[in-house]
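Below is a structure I'd like to ask you about.
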Amino acid sequence: MHRRTLLVVLLAAALLVPPAADAQKPIKVGMPMPLSGPPALFGEPATKGAMMFVEEINARGGVLGRKLELITRDSKADANEAVRQARELILKDNVDFLVGTLTSAEGPAVSVVAKENKIVFIAPIPKTDQLTAPDKLHPYVFRVASTTTIEGRSAAEIVAKWPVKRVATMSFDYAYGQDVTKAFVEHLKKIKPSVEIVDQQWPKLGEQDYNPFINAQMAKKPEAVFSSIWGGFFVTYSKQARAVGMFDALKYHFIGVGEAATPETAKSMGADYPVGIWGNSYDAFYWGETQAHRSYVARLSRYLKDEYPSSWAIQGYIGMQFLAEAIKKAESTDSDKVAKALLGLTVETPVGPLTIREKDHQANRGQLYGKTVMDPKYPFAIMKPVTYVDPTKFMD
Amino acid sequence: MLEVRDLTKSFDGFVAVSRVSFDVPKHSVSAIIGPNGAGKTTLFNLITGHLRCDTGRVVLNGRDVTGVPPHDLCRMGVGRSFQRTNIFAKLTVYENVQAAFVSHRGRGWNAFTPVRDLYRDETLRLLESLRLADRAGEVAGFLSHGAQKQLELGLALALEPDILLLDEPTAGMSASETRETIQLIDRLARERGLTLLFTEHDMEVVFSIAQKITVLHQGRVIADGSPAAVRADGGHVGAPHDDW
Amino acid sequence: MRRVPWAPLVVVAALLVPAVGSRFYTFLANDVIIWALFATSLNLLVGYTGLVSFGHAAYFGIGAYTTGILMKKLGVPFLLAFPAAGVLAGAFALLFGLFCVRLTRIYFAMLTLAFAQIVWAICFKWNEVTGGEQGMPEVPYPDLAWMGALPLVRDLRTSDHFYLVTVVLVALCLWILHRVVRSPFGRMLTTIRENAERAEFIGVHVRRYELAAFVLAGAFAGLAGGLFGIFNRGVFPDFAYWTKSSEVLIMTLLGGMGTFYGPSVGALALILLNQQIVSYTEYWPFVLGTILVVLLFGFPGGLGGALELLGRRLWRPRRA
Amino acid sequence: MFLFLIAAGLSLIFGVLRVLNFAHGTFYMLGAYATYQLVQWMGVSGGRFWLTALGGALVVAALGGLIERFLFRRLYGKDELYQLLFTYALALILSDAAKMLWGTQQKSVSRPPELTGALHVFGAIIPHYNLFIILLGPAIALAFWVVLQRTRVGRYIRAAALDRETLGALGVNVDALYTWVFVLASFLGGLGGALISPMRATTPGMDTEVIVEAFVVVVIGGLGSFWGTFLGALIYGQVLSFGILFFPRFSIFAVFALMAAVLIVRPWGLLGRPLR
């Protein structure tokens, strides 16, 4: 028995080769992001956006004369896994900063790791208010994503204009789903008190079979549905909803937040997309409001070798952009200094100037909203007209 | 000592044991014989509580023990061996017998003192009398078939039984092994004043040591009495001899 | 023959890790040590009693949530919250075990799985208490300020202090478990594994012993969970998911379930291997699966079975 | 109903080989991926979907047969824990292989154009495709039942489920029988995946989820029992739907509670028979 034990111990010891030390000392940024499963529909392009930014800035000589190095890890859209990866990035890969996470379960969990290790953490995608709520806020967490309050209220403004009274909601049973639905319902009731919430369904995150939920919901005869089913999950949900004629029954009084109207979602569904619903997106290659945006889309299109580049790349891009600008401003990679530099920092992003507020470390990131239509120019549905909803009035 | 009354057991309509009754007097050596499928093993399993009987009673020393589970029954002085050798194959010979001592003497719930030397003397003494002492350290599963059977006997004896139920104690043994084992059983039974009830297919063995024989055929008792009486009886009851 | 005192040596070596290794090695070592306890607790069932549980993660999860909730939400000191993990996990093991031990083999495994999934579903959905899907991040470290007053360890970080506490606690737990498996009680469990029918007939109340083993294993898994929740800086419903149960089962089998330290070795080997593999490829499950297949065919019965097979080869000719 | 297909395969393998096949969920996933791949090559129009679905299932069946023939066979007679471990290892390998082949992005298959409509019954809307699946379940169940009852192979399979020892004595080629059982079971799993692909997204990780669901179905109905599996699938669907209607929070809880309850009261399942 002992010989075997010894053998395994030796084997293990042999495997424990220490990681090689880097001579050039790039600035290391760790990015835990879901790279598998349905959330990868968003996570992968967001990672690509960050990579493109890193390539671009390194081509221009990096930051403070040092190159940026991005280390990505698959967080599997799972809080436990994200925490694990974040800690390994810090302990094993010695990253200087963390940019990443996608779901609202991952975000707050990684925020705790950042706080303990005193490492700046920029969340480019998680929207839950809990991430920057006063009791959770700490000097090292920042968010360049929108928030559930912004998103829920923006959607409520749209739904309030519809001729409907009976509204139902469909959201995942976790931080993001709960928070955005709450924000939506509260705001809608405030601006249009005649509305009645007739049903609320809470499938678990990652649900594959929505039929029971859809059937239960349609039995309550809603006139409009607010959904925050996101990512690849929306594909499954809307396919199943469309099959039972839900969208027709609602006369397309359906709004899908959680980026149901991104070009990549529309593209991956093709003819199956429920054209006519309302939705939102962080970005759309066809938006093209400013020169900066058009240039960004062209570069991204080349980088991804995709004629219709993903809308999610922008979040990874902006997250890295803020970090790089803050390092420049702080003239240091010291986390405390960078954290201070991020407060009140304004950055010219491809979607316009964004500022991180000192109060809650939150950028004024809004989103594009619109009704989806088929456009002869593209083989899939787009939002038209598409409007950038400025979040400033919804932020408090 | 042991009384069996009207035991019946059926499986899915097939009657394996039907209204079987017999007695085992104290300090006697009794045998149950019958062809394969006569219900001998089922009967044993009913007596020792492995199976639940449909009707009937088992009385041990005047106490009704019908349906008493095996682990309680063997505290009442019943030891048993099995037809298919039934030992703790990956434990050593010593550990096998020692485990029986530990369990029987109620020390099994002690979870904190080392077990190694517990009942060491008793175990070695018993192994000695089984002529297994020199193999105490061997893994039981590696013993020869005959030695395994003897070890199983040891497991039963460690329970310090009053009555020993042996299911085909010589099954699968060579002629010489059989003879040795029978002598051993006979000697041990005498030394310890045991009551012995066994099933056997080897008629020579049965008639050489049994004082009382019960013949079972298709789940029924067709003869019951002294060897001589059964031998005489056997002919006109028409029990099939081919298998014995 | 003088025996090398392996166990104390390993404990001493483990205690030295923070002093000589980087933070990452301490992190890894902490991980390994807690998993070792978890796997050893499972081995009490699988290796010693012969009960294959598919739901051992349930008790790990219960322990983690117990300690986590007590320490984070109720501010209970670690000194109480840690044993509470074992007690509550043990209590649940008793409750579930009452039903499980009535079944055998595959049904036993399935029922343990069902109970574990129930625990998981509750952790996953009971948002108010367990935090639901997003778990319960930020479980505080125990108050280890007193270690700052001790010589030698004064200058270490909190995480290192916690590591040292873990080493001592796990060593203590393993020592207790070691006593248990070497005790008469442990011997009775082995007889059940070898041959439950025969065990019954040397007077072992099989179900009751199995239940006791189940509770004990559950309790120690709970303790491992309690430590892990703190180490992991958060408790998540995954802790009780069936894939965790299979992970720990693989560790146990890989290291060899016949021996007491096998599962710990399995935990060490698997975690280190994982660390190395993931830096080369993202396809860790593929590699793990391949290793398992190779082990199964190359060494039927895992690492532990290799020696056993050797023994059996030696024995066969004699029987023939 | 598609869950019935998957669970039936699981149950079949257990009934004959006495092994819980962890890789069965992976076969289901591979069925979906194979169908997606074939659809990419052939399209879904003009009835081609049926070809692709059948093709996907056949590919998986062949894979199952090969695995049994060259790997699994060598584990018969070993401790069942090792057989279990092997199927688990297989699940890990195959699902990662699928990830290598098809990437992490989810794949989507359109419904066959013949069945894109929907039926309106009592205010509820049932898509034709779902209706088709609902009808297909019992049809396949019936077909299998006929095979099991009327054909020689079916008789052997039933005999093997009851008593393995006598089977060899009867002069049946047990090896070939086991291979065919594996092929058949993999076919059912693959078919389940193939047919579900138009309703759900095909993604890595769909295997671990479905295998537990299939376990629940098989356990409720009875391990190795054919009609039991059918019943189990029905009950599972009902419990889940009613759970969502009345206690939305705890519907998954209800499912596992039911599984535990069945195991406690009748470990061998509602329609199964106790193992000897």
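Chains: A, B, C and D, in written order; residue numbering restarts at 1 for each.
What we mean here is this: a residue touches a chain if its C-beta (ideal position, glycine included) is under 8 Å from a C-beta of that chain, and two chains touch if they have at least 3 such contacts.
All values reported here derive from a predicted model rather than from experimental measurement.
Chemist: Going by CA means, which chain is nearest the middle of everything shown?
Modeler: Of the chains present, the most centrally placed is C.
Chemist: Measuring between mean CA coordinates, which chain is farthest from subunit A?
Modeler: B
Chemist: Taking each chain's centre as the mean position of its Cα atoms, how many Å separate subunit B from subunit D?
Modeler: The separation of the two C-alpha centroids amounts to 48 Å.
Chemist: Subunit B to subunit C: how many Å between their CA centres?
Modeler: 41
Chemist: For subunit A versus subunit B, what separation do you get between their C-alpha means, in angstrom?
Modeler: 73
Chemist: Averaging over Cα atoms per chain, report the distance between subunit A and subunit C in Å.
Modeler: Spacing between the chain centres: roughly 36 Å.
Chemist: Enumerate the residues of subunit C that touch no fewer than two other chains.
Modeler: 124-125
Chemist: Residues of subunit A touching 2+ other chains?
Modeler: 35, 173, 204
Chemist: Name the residues of subunit B that each touch 2 or more other chains.
Modeler: none
Chemist: Going by the touch rule stated at the top, which chains touch which?
Modeler: Here the touching pairs of chains are A-C, A-D, B-C, C-D.
Chemist: Mind pulling up the subunit C residues that touch subunit A in the complex?
Modeler: Per the touch definition, subunit C meets subunit A at residues 6, 22-25, 27, 124-125, 127, 132-135, 137-138, 232-234, 236, 238-239, 255-256, 259, 261, 265, 268-269, 272-273, 275-276, 279, 282, 303-304, 306-307.
Chemist: Contact residues on subunit A for subunit D in the complex?
Modeler: Those residues of subunit A that touch subunit D are 35-38, 40-41, 44, 173, 201-202, 204, 206, 208-209, 211-213, 215-216, 218, 232-233, 235-236, 239-240, 243-245, 249, 268-272.
Chemist: Taking the touch rule as given, give the residues of subunit D at its contact with subunit C in the complex, in rising order.
Modeler: Against subunit C, the touching part of subunit D is residues 18, 20, 71, 74-75, 78-82, 85-86, 88-93, 95-97, 99-100, 208, 212, 215-216, 219, 223, 249-250, 252-253, 256-257, 259-260, 263-264, 267-268, 275.
Chemist: Which residues, counting only subunit D, touch subunit A once they are in their complex?
Modeler: Within the complex, subunit D touches subunit A at residues 99, 104-106, 108, 110-111, 118, 124-127, 129-130, 198-201, 203-206, 209, 240-241, 244-245, 248-249, 251-252.
Chemist: Spell out the part of subunit C that touches subunit B in their complex, as residue ranges.
Modeler: 179-180, 182-188, 190-191, 194-195, 197-206, 209, 212, 311, 314-315, 318-319
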